[in-house]
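Encoded as structure tokens, the structure appears first; notes follow it.
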Amino acid sequence: MFEKVLQEIYKESKLQPKIGEIATYIPELANVNPDKFGISLLTLDGEEINLGDANERFSIQSISKPLTLSLAFTFLGEKIWERVGVEPSGSPFNSLVQLEYEKGIPRNPFINAGALVIADILVTHLKNPKTNFINFLREISDINTLDYDLSVAKSEASTGFRNIALANFLKSFGNITNNVDEVLDFYFHQCSISMSCSELNKVFYFFANEGVTLNGKEILNRSQIKRMNALMQSCGFYDESGEFTYRVGLPGKSGVGGGIVAMLPKKFIVSTWSPRLNSNGNSELGMFALEQLTTKTGMSIF
Amino acid sequence: MFEKVLQEIYKESKLQPKIGEIATYIPELANVNPDKFGISLLTLDGEEINLGDANERFSIQSISKPLTLSLAFTFLGEKIWERVGVEPSGSPFNSLVQLEYEKGIPRNPFINAGALVIADILVTHLKNPKTNFINFLREISDINTLDYDLSVAKSEASTGFRNIALANFLKSFGNITNNVDEVLDFYFHQCSISMSCSELNKVFYFFANEGVTLNGKEILNRSQIKRMNALMQSCGFYDESGEFTYRVGLPGKSGVGGGIVAMLPKKFIVSTWSPRLNSNGNSELGMFALEQLTTKTGMSIF
Amino acid sequence: MFEKVLQEIYKESKLQPKIGEIATYIPELANVNPDKFGISLLTLDGEEINLGDANERFSIQSISKPLTLSLAFTFLGEKIWERVGVEPSGSPFNSLVQLEYEKGIPRNPFINAGALVIADILVTHLKNPKTNFINFLREISDINTLDYDLSVAKSEASTGFRNIALANFLKSFGNITNNVDEVLDFYFHQCSISMSCSELNKVFYFFANEGVTLNGKEILNRSQIKRMNALMQSCGFYDESGEFTYRVGLPGKSGVGGGIVAMLPKKFIVSTWSPRLNSNGNSELGMFALEQLTTKTGMSIF
Amino acid sequence: MFEKVLQEIYKESKLQPKIGEIATYIPELANVNPDKFGISLLTLDGEEINLGDANERFSIQSISKPLTLSLAFTFLGEKIWERVGVEPSGSPFNSLVQLEYEKGIPRNPFINAGALVIADILVTHLKNPKTNFINFLREISDINTLDYDLSVAKSEASTGFRNIALANFLKSFGNITNNVDEVLDFYFHQCSISMSCSELNKVFYFFANEGVTLNGKEILNRSQIKRMNALMQSCGFYDESGEFTYRVGLPGKSGVGGGIVAMLPKKFIVSTWSPRLNSNGNSELGMFALEQLTTKTGMSIF
């Protein structure tokens, strides 16, 4: 059913002018071919379509955030919101301003400050945080080759002054409870994971499938997973979340590696990868392709 | 199908502790009985349920904003976004701060500044703005008694210093093109309209019904109305839009008169009225009832 | 004693590149010859030096603010600080941001919001505010031709949307007690007064002379006038007060008409006029000339 | 000449109600007796008066900042302002907000961010930064026992998350050029130095004496030292600089250890110590005593 429309969108996308800049703040991201483009769609009925570079891995970066959040949510449930909010930030993803005005409670779990608080929670609740987390991703997807890219993680650690600043700032407010360096190490690793579009769909399957993974494990219940999706809708695209909601109308999450994952609950998951980013840090071509998808099919949450 | 669950929710709601304060900034709002509570649901199949004070009129206030926006959108289409944004504000509804940082372009059409810009657009495009607008509402709903409450409008004009400030501030940036007083007069009138929950559902019917009103008029096309709904989702509840999305999971709009209207596209529209407001200016009990509705039925957009 | 050094500075100033833009927000200011330049110095010993256009009148604009403040201070004394602060603002002169964060208490009496509060105080305490104020200036200077420029005042009233916004914003916080329009009318008039550099020195004489005017009237006592001077030092040059303090080292006040008045307490008063403004709204050449004066003579408060 | 008035002020000060809280963020500051009070005045004529605990050492903290600034100014001169501003901040001393809005250029050298930039400059220009700096202080004062308090420095390093955040934030903007940890180590040490009121006067002597130390060394020329004094006037008391200027009318610098140093150029230097701080982090009793001094003697810069 989606084959034809996706082929069409893929072709149109390839004809778009090449707009936007690749993320360059670490060498590993800067070395990527900016013209890569992949799109992958997986329906809950089992239909799967992969086009272009849909099977090539890239750095998922912030797309890891709904995954760490969901895992932390299994530990703390609604108590998690004592340490992080659920409101869109209206500020860039790495801003310290709002954090200061709001006394160390990040606006939401998808801005960097919020994700650092979530990382702190996982460092508290996991015995071997890095090992346990990657194993969690392998188990829910049956993709045993998923792994951290250690050169990316190392590179982020040596240049991530803004994130180091954020973590210490949170610590000054008491909203990091573990050793700052340990939390940062976990955070830099979670961002370094590589996946392909096709793999992202399998890992994120449970968000579209009422909390149940492709291999039948229930991660969160129906009511809980709705809340995770609601958060992606409100806050998944930095200070462009409203624009994505307006244009695309699906909950989702983007990363500065150029990836986007989005989903229509109970129907499908779709991932795109194109490294050229707009000024808000979201993939230019990915947003175009996803807008085409919901416009042509009329399938959005609205 | 909804009768039983709504009865249940109505009963539970009436048992909730009485939390929140009634809006008092104009005498007309302050005089309302704070314990009023109504809930009305209308499905696209034609089922209608009215409970409590569902047929008593109240001041719709900001609930008028999606209506003026939709009408302005029929005139300007996507060009409207040159004058107002689509992002959640992260600030109180009547804040001037963001407006200054962003050079007179309001964050979205549902904060007061944005609604004033929309009012300015209607003053430009309508021959007799106030008459034309109320007639528009009558025509789409077949409720010919809909009207402005002139004492409310007058009261807002004489005490609305913050709104007068906002309008002049916008004018200083060139984002009000008509006479400031004329725009304010229209704005104070649109906020003064009275409707009951049951009437709100009929007026807002086209948002749930792919752009087509209860009496068969197409106001906006399917793609356009999705965008209006997306905006209500992102920005409909001031700086609590994320919270409403998280808890309720439906696009909607609230007003300081205590009303809320929300909808599940293609399924139903639901309105609540309870004048006690939480600190963000949204109806405490209304949010509770709507959260119960989506939790109990599992029917939300996520 | 100052004749030679002032001649020197005057010549050097005339050779400076013509930098900066004339204020254009009202036609009356835009019509001024941007190359006008005058400098006038008056010592407490009675020496007076006038160079260039020192005897030509121009619109004093914000230079009126220490005058209204001093008059209001005679009515309220230290109680005045319940309604306005004494801290530099770190923001542009017409910003609304800080006002919102600080709940309607302007940072200091020299930003527009603060001057509007002072205007409100005068409207409360003067029987015929405009008449009484201009008479006050005539009496302390013996210059009976001082007057409002009604075309400037009218022009500001019809284009001063930002000030109208500020006044209504203050009113919404309860920090304007009189009718908003009456306060604005007074404010637009105080800014419209015309004086020459030479006249400014005579009017401001009491700031340098421990509170006593040129014709021997004590306006404020020694301790009080020190506080007025301290305020000019901290806050007299919008968000460039630190720069002026750093470069010039004298308390003073600037206006967008291109005038600056500054003083070395117990020694002299000096005024300059050059309509070209830097990006902070201060006279480019005036600041240059005054920096030369304190550097060449070594006479500053530091 | 000052003996009698200082005795008077000392007595009155001791009778004041005990207001304010001692700084507690590191144990070394929290352990100080909050009722300590010393005042020391040194005139350029050689008169010296020491009252109360004027000879007891305390942690000078931020009072070190004009000293590092002056030393850095000997290396870079006016070029220093490419990396830090001269404007009052209008924000708390350790705020990150303004830094973000202004792209990593701290508002002035006396807020923590600015002092970190100055520390970075000294780390660049000094061979053995810590040794060289303490030697500089010993040389200008002939007090060879001046030294770092290593337990204070260590304590600040282990709890100074906000300063670590600031330094990394500056580094992310490129405005720290050396290794972040090395700069922080220098900064924590400069703040840990102990001096008595009497010693502070000797060390700060050159600020009052046109750039020449008590033992005759010229650190900065007359014009340069005026600029240092101007900066202390504008920015020496965090977001209370206007208040200090208004009430006291002398350039000066405070520290959270409870010390204040102030000076009337060409006349005298005065230091006070009282550990109870007001909500802006300035010594409550110190400000009272200094206000009394300038009010009673009529000796201020205004």
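In order of appearance the chains are A, B, C and D, and numbering begins at 1 in each one.
In the analysis below, a contact is a pair of C-beta atoms (placed from the backbone, for glycine too) under 8 Å apart; a residue touches a chain by one contact, two chains touch by 3 or more.
These numbers come from a predicted model, not from an experiment.
The fewest steps needed to get from chain B to chain D, moving only between touching chains, is 2.
In terms of the distance between Cα centroids, chain A is separated most widely from C.
Distance between chain A and chain D, defined via averaged C-alpha coordinates, is recorded as 47 Å. Annotation: 32 Å between the Cα-based centres of chain C and chain D.
Centres computed as Cα averages put chain A at a distance of 55 Å from chain C. Contacts with at least two other chains are made by no residue of chain D. In summary, the structure contains touching chain pairs A-B, A-D, B-C, C-D. In the complex of the two chains, the chain C residues touching chain D come out as 85-91, 98, 107-108, 222-223, 225-227, 229-231, 233-235, 239-243, 245-247, 249, 251, 265, 294-295, 298, 300-302. Listed in rising order, the residues of chain D touching chain A in the complex are 95-97, 100-101, 161-162, 164-169, 171-172, 180.
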